[in-house]
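I'd like to ask you about the structure that follows.
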Amino acid sequence: MSEVEAKPKANENPILFVARPMATAARQFARSLVRPSTIVYPFERLEDPKFRGQVAVAPGKPIGLGEVWDNYRGVHALNIETCISCNLCAFSCPDLCIDMVTVPGGDPKHPKKCPQIDYGKCSYCGFCSDACPEGCLTMTTRYELSVTKRADMVYSPQRLNEVFRTRLPMSPIRLARPANEDSILLDPPLCIGCNACSRDCPTECITMLDIPKPEAKPGEKFPKRIWKEPVINDSDCVRCGTCISVCPKECLFWGTRK
Amino acid sequence: MAPLTLYTVSNDLVSSLLTALGNAIPNPVGAWLKSPDLITGLSVLVFAAILLAASMLNTILLIWWERKLLGRFMDRRGAMHVGYAGLLQNFADGLKLFRKNTFQPREADSLGFYTGPAAYMVTSLILFGILPISSGWNSGALPLTLLLALAIFSFAPLFIFISAWSSNNKYSLMGGMRSAAQMIAYEVPILLAVVAVVIVAGSFDLTTIVYEQQNYWFWGPLVVALIVFVAGMLAEMERIPFDLPEAEAELVEGWNTEYGGMLFAFFMLADYLRALVGSILVVLLFLGGWTLPTWVPAAATSFPLAGIFWFMLKTYLVFGLFVWVRAALPRVRTDQLLRIGWNRMIPLSLLSIFLAALLVTVKCLPFLGCVPSPGS
Amino acid sequence: MQPADLEAALRPKLGDRLLTVEPFARTAGRVRFRRDGALDLFRTMRDDLAYRHLSMVGAIDWVDHREVFYVLWSDERTEYVLLSADVPADDARIETASGVWPSANWHEREAWEMVDVLFDHHPDLRHLLTPDGYAFHPLLRSFKLHEPEELEVKTRHV
Amino acid sequence: MSEMWINMGPQHPMTHGLWNLRVKIDGEMILDVDPEMGYLHRGIEKISEDRHYNEVVTLMDRCCYVAGFAWEHLYILASEGALHIQPPERAEYLRVLCDEFQRIGSHIMWYAAFVQDLGLMSPFLYGMRDRDLVLDLFQSYTGARMTYEYMRVGGVRSDLPPGFTDRARQVLDWLTQRYEEYDQLCLGSTIFRKRCDDLGTLKAADCVAHGVTGPMLRAAGMKRDLRRDRPYAVYPQLDFDVAVADGADVTARYLVRMEELRQSVRILRQVVDWLDRHPGPVMAEQLPRWLGAPYAPVGAEGYLLKRNFPKGVGFSSVEEPHGEAQAYVVNEGGEHPYRVKFRSPVFANISAARQYLVGYHVADIPPIMGSVDVCVGEVDR
């Protein structure tokens, strides 16, 4: 590696004076007469099929994003049917703009909760859609959001579902799960077999299995408990941590399964 | 046939109208309606109204022309939505400005603040009134139209300074100061360059100057004077690269920082009115006015209003040159403008006077023009 | 330059005011010093060791004490070095570096208003990023993000 | 006119952002200046203490809104140092790809704004037009045009979409042609040279004393570029030259930036070729559970305590388009960084304003400050 001395290439020439910039502007004028580089926005859009795969509108100028426009991070689309209410989107939101609100469809005891997004706060970072284990919360190419009332910036799950139903192209990017993902482990002596984890697990990957009631030695007193223990199916688990948060005895924790 | 001037047209119009009206109405009123004094007075008013309408329309069209041209220079389209190709965009903008609240900064001097834009506008309109547009369109026979035009042209810095000083803003004040300071730097070269034209044409009357160019346009023999005049006009019109008084990079908007609404519209309109007049002066002095070279087929000059058509075409092309300059050149600094004016343009204009005198003396003018003079 | 070389060069000048020199990734090392040796250390670093470029001055609030750190750069050896001094929280002051490196001026202003470390003999210790009269030091750990604080800001009129 | 102070800012065409340059003038001459910052202060360093390591990346894009990738890279380098993580090689190449395209985008943006300060409007639009192509490329693999949120601790978010490298080569070809036009409009114009020569001179010794870095320092003849002097990522494996000039004035800064634009194209051609030939993972294998996405913080404090995650301090420095940026990240074993401190190059460059502004005309302030390339987002943070 070396240095390159930056020297003026077009040295000032008092005879040419202003001829060079004038000529450059005239050249651009001639090019623009054919077609300027601008895209007439409300009438033409970059995501139009017209620009798919098109390489140039102005001579020599590559424009148009083609299929990769779909990666754009715009308004979210939510598929309410497949949402499992795991809370991961709300956890991962750096701006705290996602609230989990109740939607009809769940059983009365455990209402179904889906994300409601406040676009007044959203920074379109995409962490929520990266976090979504079911791929039901994705970002679409919709970017026109102007509203006249601040309350309209808040998109309820139903409204996000409407965005989903418009079948806008969606980003194909899916993040791979970390290879050395940790599992949720159980601290057996603390468990009272209360079934809370299994009941609230959004993926239903926790089953309560009977465990043998140990024979009591003389003088030993067991805690009053149900003789069941959660068994977590790691391949179905989305690592949302709901079971940890509902566990009354704090007997579930993150760790590496041997 | 006597040349049909705009004044005679309006005079005929008014007199025929009033005569018909006076014949229909019983005598005391009817006779008064037919009196020549009333007819003269009214026809002057009609003449002024037509002038005003024509100048305003042209100014607005000029703004559109600049926006479209500049758009293409900048690889974009310019105004394009209101009206065909955005032709009505400037009317919409004007309407918006008209409806806006005019406000005045606290502790601004009301008298200067409001009279400044008005006087700026009025002097620019007067300018348009005295220029001949074609053989059939002029305000009548003033012997020294060229001098009058240049004199009124150079009023502007005064009103700019008045409005700048009275708006009680440091940026405005600096813009006004610049405007006043740089005035001499370009007024002197402009006048000297005009002297060269006057020497060759032998008259201060613009109509005469145009008729002198029927055989050869003056830009060829007087190219040095043309360069000086165009550069000086750029400064006179306060356009890039010489728009120092309103240099928006450092002075926000210079002397019209504090103006909004209709008052700003006045400044804007007057600026373009002056740009129009500047282009017209270039056409009149150097590009043969409404005349065409003699080798052009007669059909090109014989259709109705041909003179006006060719004249306006030339004017808009000259203004296109100004737009081109704006698209390609950065702004100079105050001291550099003064230096350009005193060190470059004044010697050049003196040279052009010398050349003009030489050309007149040795009578070699026709050979430098576009076509040989029929007299030679 | 290795930490040992640095220590060898600095020890004679500073004595026990130099605490330790420890290795630090991407730099020549981190020099820990007592704050009363600040000015001597700065001069030595600039004049003898050719660290003519002060890149950054920052401060960290460790609750029980505060740490002021300096990042220097030497063009001759194309390497960084870190200086770091602990100051007690109840008497957080240290000698300014802006007499040695003029570039320290603004960095110290920022460190003062954010972490409340006073720089003695600083030529121009005004608020830089926060308004004049701002009574808080936002980067202290005691400044909680989610609690609204009452702001009373005196603005300056020029 | 007697001496007076005028406020250029916080809303002024010269400032390109929210800051206030108080100028003491006598007529048209500058007697003294006093920059006032803080109008855009968002407390990014404070907010970072309350966010997880990857979430801070969203703030970095907003730190400098024209060079988001450079700041992401800066923060990620320091965090990886603090957390003892090594990213895969392809991720490092992708980061260099981002960095260099960002340098092109930032420098073109600088060119556009700088020439507009001189009263020339058309290069502004040419610049915005050409920068848009770079933003198109960014959008194609990050999904956003300015706030990318692409780099992660341990790698990058995703790999390139198919066909990206061909499109990138097309854009590079187009840009190479446009650079010539930029030069024609500026260097070819006598007015430009008259305006910018011997303007805002800041000699190398003053630059060093006042902490001025980046193109301003290289324009003073100092051959200093962290990509060469203190290489990070994969810069040692790339072939490029460091642009220097010796005028120390506005023209020299222009020349240095223009040469850097060309060198970036040269680097990018190598990077794009490498990326074509070497597929691979873009995320480190051995990441702590709580750094990977998705992330559930429930019980994470206890989890981290059980893991006894190592503490550390990370320091990084990156040659940002504006100069030399540094980050200092303290990891105390928690899920949030304990302290994050950034050094913005523009911060130091503006702090020396008195050195290169006093003695010139008021009309010279826009080109001089333009040649500094002020980005207030990273000054105030």
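Per-chain numbering from 1; labels A, B, C and D assigned in written order.
One rule holds for everything that comes next: contacts are C-beta pairs under 8 Å (C-beta built on N, C-alpha and C of every residue); 3 or more make two chains touch, one makes a residue touch a chain.
Just so we're clear, the structure is a prediction, and the values are computed from it rather than from any experiment.
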Most remote chain relative to chain C, going by C-alpha centroids? B
Quick one: chain B and chain D, Cα centre-to-centre, how many Å? 48
Euclidean distance of C-alpha centroids - chain C vs chain D, Å: 24
Averaging C-alpha coordinates per chain, one finds the centres of chain B and chain C separated by a number of Å equal to 64
Taking the mean of the C-alpha atoms as each chain's centre, how many Å separate chain A from chain C? 40
For chain B, residues contacting two or more additional chains: 73-76, 327-329
At least two partner chains per residue is the criterion; list those residues in chain C. none
Among the residues of chain D, which ones contact at least 2 other chains? 122, 126, 129, 185, 189, 191-192
Every chain pair in contact, whichever chains are involved: A-B, A-D, B-D, C-D
The chain D residues in contact with chain C across the complex are 5, 7, 22, 37-38, 41, 43, 45-47, 49-50, 81, 208-213, 222, 224, 229-230, 313-317, 324, 326, 328, 330, 338-339, 341, 343, 347-348, 351-352, 380-381
Under the stated contact criterion, what part of chain A meets chain D in this complex? 1-14, 16-21, 23-25, 27-28, 37, 55, 60-63, 65-69, 71-73, 87-88, 91-92, 94-95, 123-127, 130-133, 139, 171, 173, 175-182, 238-242, 244-245, 250, 252-255
In the complex, the residues of chain D that touch chain B are 1, 4, 6, 8, 12-14, 27-28, 115-122, 124-126, 129, 185, 189, 191-192, 194-195, 361-366
The residues of chain B that touch chain D in their complex are 70, 73-76, 170-171, 173-174, 177, 240-241, 243-244, 247-252, 326-336
If we count contacts the way the header does, which residues on chain C are in touch with chain D in the complex? 24-27, 52-56, 58, 60-61, 69, 71, 75, 78-80, 82, 101-103, 105-107, 114, 127-131, 138-139, 143, 145, 158
